[in-house]
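Next come two complexes built around subunit A: one with subunit B, the other with subunit C.
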Partner chain A sequence: MAASGNARKLSEAITGYLFISPWLILFIIFSLISLGYAVYLSFTSYNLLKPPQFIGLESYRRVLEEDLFLQKALPNTFKYVLIVVPIQTILSLVLAFAMDQKLRFRRFFRTVFYLPSVTSSVVISLIFIWIFAPQGIFNQIMGLSVNWLDDPRTAFYVIMGMNIFTTSGTLMLIFLAGLQDISPSIYEAAQIDGANGVQQFFYITIPMLRPVIFFVVTVGVIGCFQVFDQIYVMTAGGPLDSTTTITYLIYKWAFRDTTIKMGQASALAVILTLIILGVTILQRRIIEGSGSSAER
Partner chain B sequence: MTSLSVFSPRSGESMVILDQVRKGIFYALLIFWAILSIAPLYFTLVFSLKPVANAYTPPIWWPFPFTLENYQTILQTFELFPRWVMNSVVISITVTIFRVLFCAMAGYAFARIEFPLKNFLFNLLLVSMMMPGVVTLIPSFLIIGPGLIRGGISLGNLTLPTGFNLLDSMWGVIVPGMADAFGVFMMTQFYKSFPKELEEAAMMDGSGRWGTFFRIVLPISQTQLLTLGLLTFQGAWNSFMWPLLVLRTPENFTLPIGLQWFRGEYYTLYSVVLAGSLFNTLPMLIIFFAFQKYFIRSIASTGSKEG
Partner chain C sequence: MKSLFKLLSALLVAAFVLTACGTPATPEKVVETVKETVTVKQTEIVKVEVPAEKTVVRLSGWASSPSETALLESLLYKFSVENPDILVKYEPITGDYKQALLTSIAGGVEPDIYYVDIFWWLELATNDALLPLDDLMAASGVKKDEFIPSLVEAFTYNGKLYGIAKDFNTLGMFYNKDLFDKAGLAYPTDDWTWTELKDAAKKLTDLSDPNKPVYGFCTPPDPGRFPAFVFQNGGTVMTPDFKDTTLDSEAAVGAAEFYTSFRAEGIGALPSDLGEGWQGTLFGKGQCAMVYEGGWLIPYLRDQFPGTKYGVVMPPAGPKGEGNLIFTVAWGISANTKNPEAAWKVVQFLTSEASQKTVLESGFALPSRKSLQNSDYLKNNPNSAAIFNGSFNGAQPFFWGAVGSDVNDQMGKALERVFKENQPVAEAMKQAAEAIRKALK
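On to the complex of A and B.
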């Protein structure tokens, strides 16, 4: 009996591993080994032509001595996150709240609001380059003659605005699902107690949505710290490095510059990961810390 | 709540007017945002139907002078465009099929089958979902391309390659995308909440795990597979950074990479770029409208990670 039980257990275990093996193999190669190798590379100097040379923390020191990182990429990235994440979160929450009301043509509005999110990052970037060109539609409609993407004072804000515009649709749908999970009886009870719409929003909706807000902010932070496609297509980090972000700089060092610096780029990738990790933990503390008694 | 007429001679008259004004502002804002949301696509369509020379000239609201020459350029003159569309289609569909299957298999195992280290591996999966993709970018590139160690590891007479040597091929784009942590997690949650009875009945009848999985489990999880499939397809169809690193010659480009490259090479032909960009957006729009319910579900499901 025990032997056949063991045999069955063994065959179950083998079956289990066979079922997960495609994922597991890819995970080991492209996540575990990759992560380990990224950390190793970050302590080396590597230009693809010669084998990586171990230089220890020297490559981190080189990153921290680069003006392009300290003066441009680092502040630009934080500026981007600090502006885009709050605006896209609030905007999409407001849109979702509006879509959760009884209103005419609700399905129509919901579909239309999601449209910008259907478009790919490259395509929307190509469209925005053209809209914000010196003789582009935006200047024509507004009667302006600003060279939006060639001016270091405006280029980054155009990219920020565009990305807020395109992500708000997706985030709206996530919030909407969260809103629809809140039981109507809670609102009814609040109405009986005399709470008006604004009060309901701040004392019921927001607290009940806390887990979804946490998720949307986390995803937003992780995504914004890694913004790349739109910058590559629209400005390639320029003008005057005003749109160079950390991820763009990693790409530039590892793949674009004439002297490839994969070690230094890996060091920057590790630094970025630590920054994201730190910010995510901090933000979890803040959102959970501000929690009142109205927890689910 | 909704009063029929602002002129009703009742005591709450001013309240009613206030209500109406508020409602008016609310709808005005919604309509404003709706116009803004449609505008980029609308302008793209309008100018893709105007001659190249008029790419920046008014009128901006309708296509005048009207022409189809940009679409002709794409479909006939410039034969790389159809290739890019085909490459995008093949890559996106292949990634989707593999990922949905592999994620369903792993998800089913995590939910139903007992094997050693299961919890450990599942926790590892959860952690990997939080890992920013950019950190593994360079090593993944080396693995797909020249290898982590140039020339491989030599063991006596044997040389083990450390890379797949798949640069500039569509498999180089496909392979890393064939499974992903979020998909496995999503399928695990789904199978955990799924009644076991049907499978147990099939197992009683002598079907093994594999037979049960392919004949019973996969067919009854169609909806969930479609949801994951749509999410995956959209990601693969629109993806940019990874194909940009892997694909090198214009013949092998996907549509997003091709469009960006075309814009660089022929920057005076912006109307053609706009027409080409519609070939990227339109299929996604059609899929979105056809499967709107599942689409919205799939996006909503990304938000319910916490359980």
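On to the complex of A and C.
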């Protein structure tokens, strides 16, 4: 009896693994092995041409002594996260709240707001390059002559704005799903108790949305820490390193420099992973009470 | 009956789609004479089965323009006719070439023959990724002195030659004839100096139309332009052994002061000031009256701005004489190739006098063979000749050693800081030099 139960369990497990195998195999080859190899490379000196040489923690020491990392990439990345995440979260929540009302044309607006999210980030980047060119439409409308993407004071903010513009649509959809999950009976009960719209929003909607907010913030933070393609396309880390982020610096060391520093780049990638892990744990502590539902 | 009809129409659609996909893509912008051969060659590659006894040699480079790719393909077709036992597989790399090449070397699947840029070839040679060509050259009777000496020197390491220069470029001073006529100025000559350059820039600048300001001389914060001024001022970028930088020397600082003075005085601009990434476009539009560019600007103007009337002279001399940069790309052979002889045969063919003549006459690049210096083509094309002759006038290779990309970065940033943050020139150059020294450690 017990034996046949075990056999059934085993066959069920095999079936399960078979079902996920297409993903699992790809994951193992392209993610797990590459990740493990990157961690290994972070303890080596490797220029792609000669086999990696084990040098222990030397690469990490070099990363932590690099001005470009300490003075540019690290502060830039944190600045990016601290500005983009709150704005995109609040904006998408407000948008979702508006879309949840019985507005006319809301289906149309929903599509419009979501559209940037389904467009390739490279395409959006190119569009923004043209919009913010010195003779671009933004300057023409505002009557300004600022060279947005070539000025160290403004370039990073254009990229931030673009990221908020592209991701808010997706986050809005997630919030919208969360909003529609909240049972109308709770609002009805609140109304009977005399709560007004603002009170309902702050005392019902926000607490009920907490797991969703945790999800949106976490995804947002991770995404922002990893911002790369927009910077690669729009500014290549410039002007004057004002848009160099950690991921761009990893790319620069790994592929752009005359002498390739794959070990140092891998070490920085590991450091970035640890930063993200740390921040995510911290966030979870802060948004307590979300508990198990945060796992999704 | 109805379903049969449906099936037939589905088949018809499928057949149509398949034919559409099956047509080999022909590059769009092809020089007319080259077009025919290219088409023939491509269809053959697609349809002919590779006989087992053929030696396969893989060849790779970046694809800078469809017309240049077509030119190379037509040469390779000629080679395949002359050498039926060798099949050259051309695998152009679009996008980041160096990145793709290095990863393929790391993976042990690099092509047998590939482009090596003067800027980073030494990294490959010192790591034993490139094959020294001396023995192969000796065996086939090709002599080093058939090529321009500075180009042989440029790809020599420890007395061995690691690449045959495919072509080269120097900087020329391009000037817009219409704008000179409008300002009533005589065209520049090869005898110009910094003084004439500055004077002309002043007279050529015309900011009366705010939508289309015209600047006399454009000065991008570009490490591929600025060093020419350093050389003209008697300076260098690096010490001869590439162990230290000389960017904070008096000569380099003086050059930077001169270079940045144009914009400061309102007679020069950065391409980004005018909303472009490259001054070549602004030259074509007539917004930069004079620019330092390489021979690549010639086909660009022909394609994009065919109406522009322009001339090219050698860069004006500075207080310490002539100075210029040499940009060059060589054919290198992988140290891991299984068929070094076949690969060499291909390189030998591509750098032969006949092939180089075809390249020269196409107008894309200047050949590396001495014998072509007195060719009719250069006599009839003074603009190309100015770029060619630049290689004799104090020209030095665009190469700064193992931390070359850092040197370039820092040079560009120093200029940017002066241009955009008004940092004093000497301070900016000192900061750059210190950052390079840190990278050299």
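The working rule: the second predicted complex is superposed on the first by the 266 of 296 C-alpha atoms of A that agree within 3 Å, B and C clash if a C-alpha of one lies under 4 Å from a C-alpha of the other, contacts with A are read in each partner's own complex, and residues count from 1 in each chain.
We take it that a contact is a pair of C-beta atoms (placed from the backbone, for glycine too) under 8 Å apart; a residue touches a chain by one contact, two chains touch by 3 or more.
Predicted model, so just to flag it, every value in this text is computed and none were measured.
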Is A:241 contacted by the first partner subunit B, the second partner subunit C, both or neither?
-> second
Check the residue A:255 against both partner chains and state whether it touches subunit B (first), subunit C (second), both, or neither.
-> both
Subunit B versus subunit C as contact partner of A:112, first or second or both or neither | first
Touched subunit A residues, subunit B compared with subunit C | B
For A:136, decide between first (touching subunit B), second (touching subunit C), both and neither.
-> both
Pick one for A:13: touches subunit B only (first), subunit C only (second), both, or neither.
-> first
Mind working out whether A:37 is in touch with subunit B, subunit C, both or neither, as first, second, both or neither?
-> first
Based on the superposed arrangement, let me know which partner A:220 touches: subunit B (first), subunit C (second), both, or neither?
-> neither
Return first, second, both or neither, reflecting whether A:211 touches subunit B, subunit C, both chains, or no partner chain.
-> first
Pick one for A:47: touches subunit B only (first), subunit C only (second), both, or neither.
-> second
The intersection of the subunit A residues contacting subunit B with those contacting subunit C is 48, 133, 135-136, 255
Subunit A contact footprint on subunit C (complex, rising order) = 96, 98-99, 102-103, 105-106, 119-120, 123-124, 127-129, 270, 272-275, 402-406, 413, 416-417, 420-421, 435, 438
Interface with subunit A, subunit B side, in the complex: residues 26-27, 30, 33-34, 36-38, 40-41, 43-44, 47, 55-58, 60, 98, 101-103, 105-106, 108-110, 113-116, 118, 121, 124-125, 128, 130-143, 146, 148-150, 175-176, 178-179, 181, 184, 208-210, 213, 234, 237-238, 240-241, 244-245, 256-257, 259-260, 263, 270, 273-274, 277, 280-281, 284-285, 288-289, 292, 296, 299-306
In the complex formed with subunit B, which residues of subunit A make contact?
-> 9, 12-13, 15-17, 19-20, 22-24, 26-27, 29-31, 33-35, 37-38, 41, 48, 51, 95, 98, 103, 108-109, 111-116, 118-124, 126-131, 133, 135-137, 140-141, 165, 169-170, 173-178, 211-212, 215-216, 219, 222, 225-226, 228-229, 232-233, 247, 250-251, 254-255, 262, 265-266, 269-270, 272-273, 276-277, 280
Can you name the residues of subunit A that touch subunit C in the complex?
-> 47-50, 67, 133-136, 147, 150-152, 238-241, 255-260
